[in-house]
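What follows is a pair of complexes built around subunit A, which joins subunit B in one and subunit C in the other.
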Partner chain A sequence: MRVEYINPFVEATFSILKEVLNTKVERGELYLKPTSHPVLGVAAIVGLAGDVEGRVLFDMARETAISIASIMNGEELTEFDELGKATIAELANMITAQAVTKLHDLGFRFDLTPPALITGINMEVSSPNVEALIVPVTLPQGKLEINVAIRERA
Partner chain B sequence: MSAVDTEVQKEGSHRPDEGREKIDFKMITFSLGGREYGIDIMKVKEISKIDRFTYVPNGSPFLRGVYNLRGEIIPIIDFRIMFHLPLKPIEAGKAENVLILNTEDQVMGVIVDSIDKVIGVSSQRVKPAHPLFHDINVQYLKGIIEYGSSLYIVLDVDRILGIAEERQAERPAAAAEAPAVAAGLEAPAFAPSGEEESADTLELGFIRDTLSAFRGFVVSDLNLDWVKARLGEWRDLRSSEGRGVQLAEPNEADDFLEPFYSPYTGELWGEAYAREIEELLPDVSGGTLSAWNPGCGKGYESYSFAALLDRHYHGKRIKVWANDNDLLGISMAPTLAFHEEAIPPLLAPFVVKTRNGFGFKQELKDSILFEYHDILHPNPFPEVDLVLARDILSFFNPVQQQALVQLFRSKLRVGGILFIGSNERLVDSGWREVRKGGVCGFERLADEEPSNKEQVT
Partner chain C sequence: MIAKVDYQNVNDRKPDGLKTDGTPYRVLVVDDSMFVVKQIGQILTSEGFEIVGTAVDGSEALEKYKELHPNVDLVTMDITMPKVDGVTALEQILAFDKEARIIMISALGKQDLVKKALMIGAKNYIVKPLDRKKVLERVVQCLK
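Let's turn to the complex of A and B:
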């Protein structure tokens, strides 16, 4: 993944999470993963197109998703219902959009697709031929992994 | 008896045809990158001019998009991108020439430069493809046929379209297996060849283990000559200091490895070294020169290499893919800054003053793409003319080394050069060593006959 893309995603993740959850956000070591890997339970995907092609995937356990959605909505959710799903999708949208805005300022043109939310157990995601950058984040609510797979268009 | 009779009769009935040629194979001919190709007409559903595809994100580079063919959605593939052939830019508003192919289970369109005609020949005249036709990998070819005054290369549609899908699945599996087998393969290189050598072998074994434990440096055929020679020097050096040969700490491993690294590791290249590399650069046709620089570290060698290529191939477009899996190092690469007195003449034309000292001009930066990438993971880079991989193979286990050399080979065009470390040596077949002073290069030779090739891979 192009070096210039890394920081905007990391910065956007932190500033948005801090802002909406109003809590301490800890970052783990960044690393690269090859094509496929398991997903924790709730995955929000935002596609990218433009100068590049790829996608950003926000991956977390169901409980983490529920408690994040609860804080963002200011009410205690017990189920991962429509409201919860919409909230997590919106969070993914906010983070990606801010990263894309930062990238735009650096001169890279990206377009976003609307976020898609996928839930289930024992899921795996594959992006053939693109390795993914993993930004692990630890919140009081649980673990969140941001998985960015982007490549230059040939 | 009667069965034999009928067979004889059958053969007899064919005889009158032998004099004349029987036309039993028709193909559509088209051109790609200036060469003539043919495809079995039975595979072609129709010919079409298409100008608007729907772009699909996240697809392979050669997948140009999808197209609605009278209600059926079909993928459109560009053969020129797939086979790394020169792409003729199409005039605005003009449609691409597309062959709609029908394989067993699906329909798809392929873009070609131009579609010529249909010719009928005898299938017996299709000769096996010669590996010299290296524009397209020999495994995708059915054969070559002469018709009139031209030669047509017959493509094997099923294999091309099948392989386009499989290509992605295979590579990661090979990489994952690698570490498991590694331990088994290391040993044989050091099997003692004689009684008197056993003490040396033992020492070498210790050195090998400590180098790999402290610095991840793997002793293999690639660098065995150097390690043996260095061990001799090291022994003399250490005994003069009254110490043993063995490496007790990581920094002793660094001392041992110090002369291993190629000249100007982590520095901008000096003029003498640059000239040595320059003399090995191959001739390149076409307007673009692409190079791959895995393990670029902080980017010093990428900038030096890009500047050298620009000087040598003046006027061509230079594209260097530089990557490293050291996040901290490569993060600094795009904005590398330095003091002016440290600039060798090679890079002097590209230097500008910036806020924090001196940096490189945008035109040089634009020719390099720095990526955070692990070389053991699959990558989407297209075919390149040069690979600059100094001193990195020695830091992978023998199985990974093999896989990487194969990877370099598959990414390099025939006649392209792979530069490895000054003290490294490729033992694989299919390469020709080219050397100049401290520079160690290997030219990629054409593939062998397909039958042999299968054994190699």
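Let's turn to the complex of A and C:
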């Protein structure tokens, strides 16, 4: 996977998280995951289709999702309710939209799907024939993984 | 002799959401995200605006606008929504009321659609994430 695809997502994640959470955001080491791997509990997924195809997954524990949504809403959410889900989906939407603007500026052309939210335990995500690159992000609210699997269209 | 100044009144200002007659500007908020509707609502009501309705897609927006007209002063319109998108809803509302004041809301990456909306007749636009100061600035410009 070309690094040009990854950097805009990393930069956009940092910029948006800092803005909406007003907090310190720390980046861990990038690593590759096999095509099938477990997810943490709440995953917002955005599909990409055009010159490149694939998906970006924002993966976090349920508690982390609740904490992030609480801060973004300015109120303590006690469960991952409809408002919490809408908040995390909107967060994924803002990050992806900003990253795509950067990729468009670099000459890549593709569209995004609206974010879909998947919640549950013991889930696994598979992206056959595409390796996923993970960018771990540490926040005071917990860990967030940006999981990018993109390939050029054949 | 030093003149007596009533400092309590020095910082008094009329909230942005109130008209000169003291009544609130009435806003219809259109967005498919419950989070964004809540966020816009919080920002605007804190300045005295009144949220008179909400809609989750373009067709509901047109319906609500017709129902509220002429008792609505401003529409905040998301661009990307299911069924009928924000740009189509903008066209339809302006066809019904060419004086409608509509401000587009968009995440980055939709510049072409924002330009199209401004050409059609949107008064302004706001890019997400929503910043309270920017939202109020753009809304006030739109109402001038």
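What we mean here is this: the second predicted complex is superposed on the first by the 154 of 154 C-alpha atoms of A that agree within 3 Å, B and C clash if a C-alpha of one lies under 4 Å from a C-alpha of the other, contacts with A are read in each partner's own complex, and residues count from 1 in each chain.
Here is the rule we go by: contacts are C-beta pairs under 8 Å (C-beta built on N, C-alpha and C of every residue); 3 or more make two chains touch, one makes a residue touch a chain.
Treat the numbers as computed from the prediction; the structure is a model and nothing was measured.
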{"item": "Partners on subunit A (subunit B, subunit C) - clash or fit", "value": "fit"}
{"item": "Subunit B versus subunit C as contact partner of A:Glu26, first or second or both or neither", "value": "neither"}
{"item": "Superposition-derived angle with apex at the Cα centre of subunit A and sides reaching subunit B and subunit C, degrees in steps of 10", "value": "140"}
{"item": "Touching partner for A:Glu11 - first (subunit B), second (subunit C), both, neither", "value": "neither"}
{"item": "Subunit B versus subunit C as contact partner of A:Leu112, first or second or both or neither", "value": "second"}
{"item": "Touching partner for A:Glu82 - first (subunit B), second (subunit C), both, neither", "value": "second"}
{"item": "Which superposed partner A:Thr101 touches (first subunit B, second subunit C, both, neither)", "value": "second"}
{"item": "Shortest CA-CA distance between subunit B and subunit C [superposed frame, angstrom]", "value": "19"}
{"item": "Shared contact residues on subunit A - subunit B and subunit C", "value": "none"}
{"item": "Subunit A partner contacts - residues on subunit C that touch it in the complex", "value": "33-36, 38-39, 42, 80, 82, 107-111, 128-129"}
{"item": "Footprint of subunit C on subunit A - complex, ascending", "value": "16, 19-20, 69, 72-74, 82-83, 86-87, 89-90, 93-94, 96-98, 100-101, 104, 112, 114"}
{"item": "Contact set on subunit B toward subunit A in their complex", "value": "55, 57-62, 81, 168-169, 172, 175, 325, 327, 330-331, 333-334, 369-374, 376-380, 382"}
{"item": "Contacting residues of subunit A [partner subunit B, same complex]", "value": "1-4, 6-7, 30, 32-36, 47-49, 53-55, 113, 127-131, 133, 151-154"}
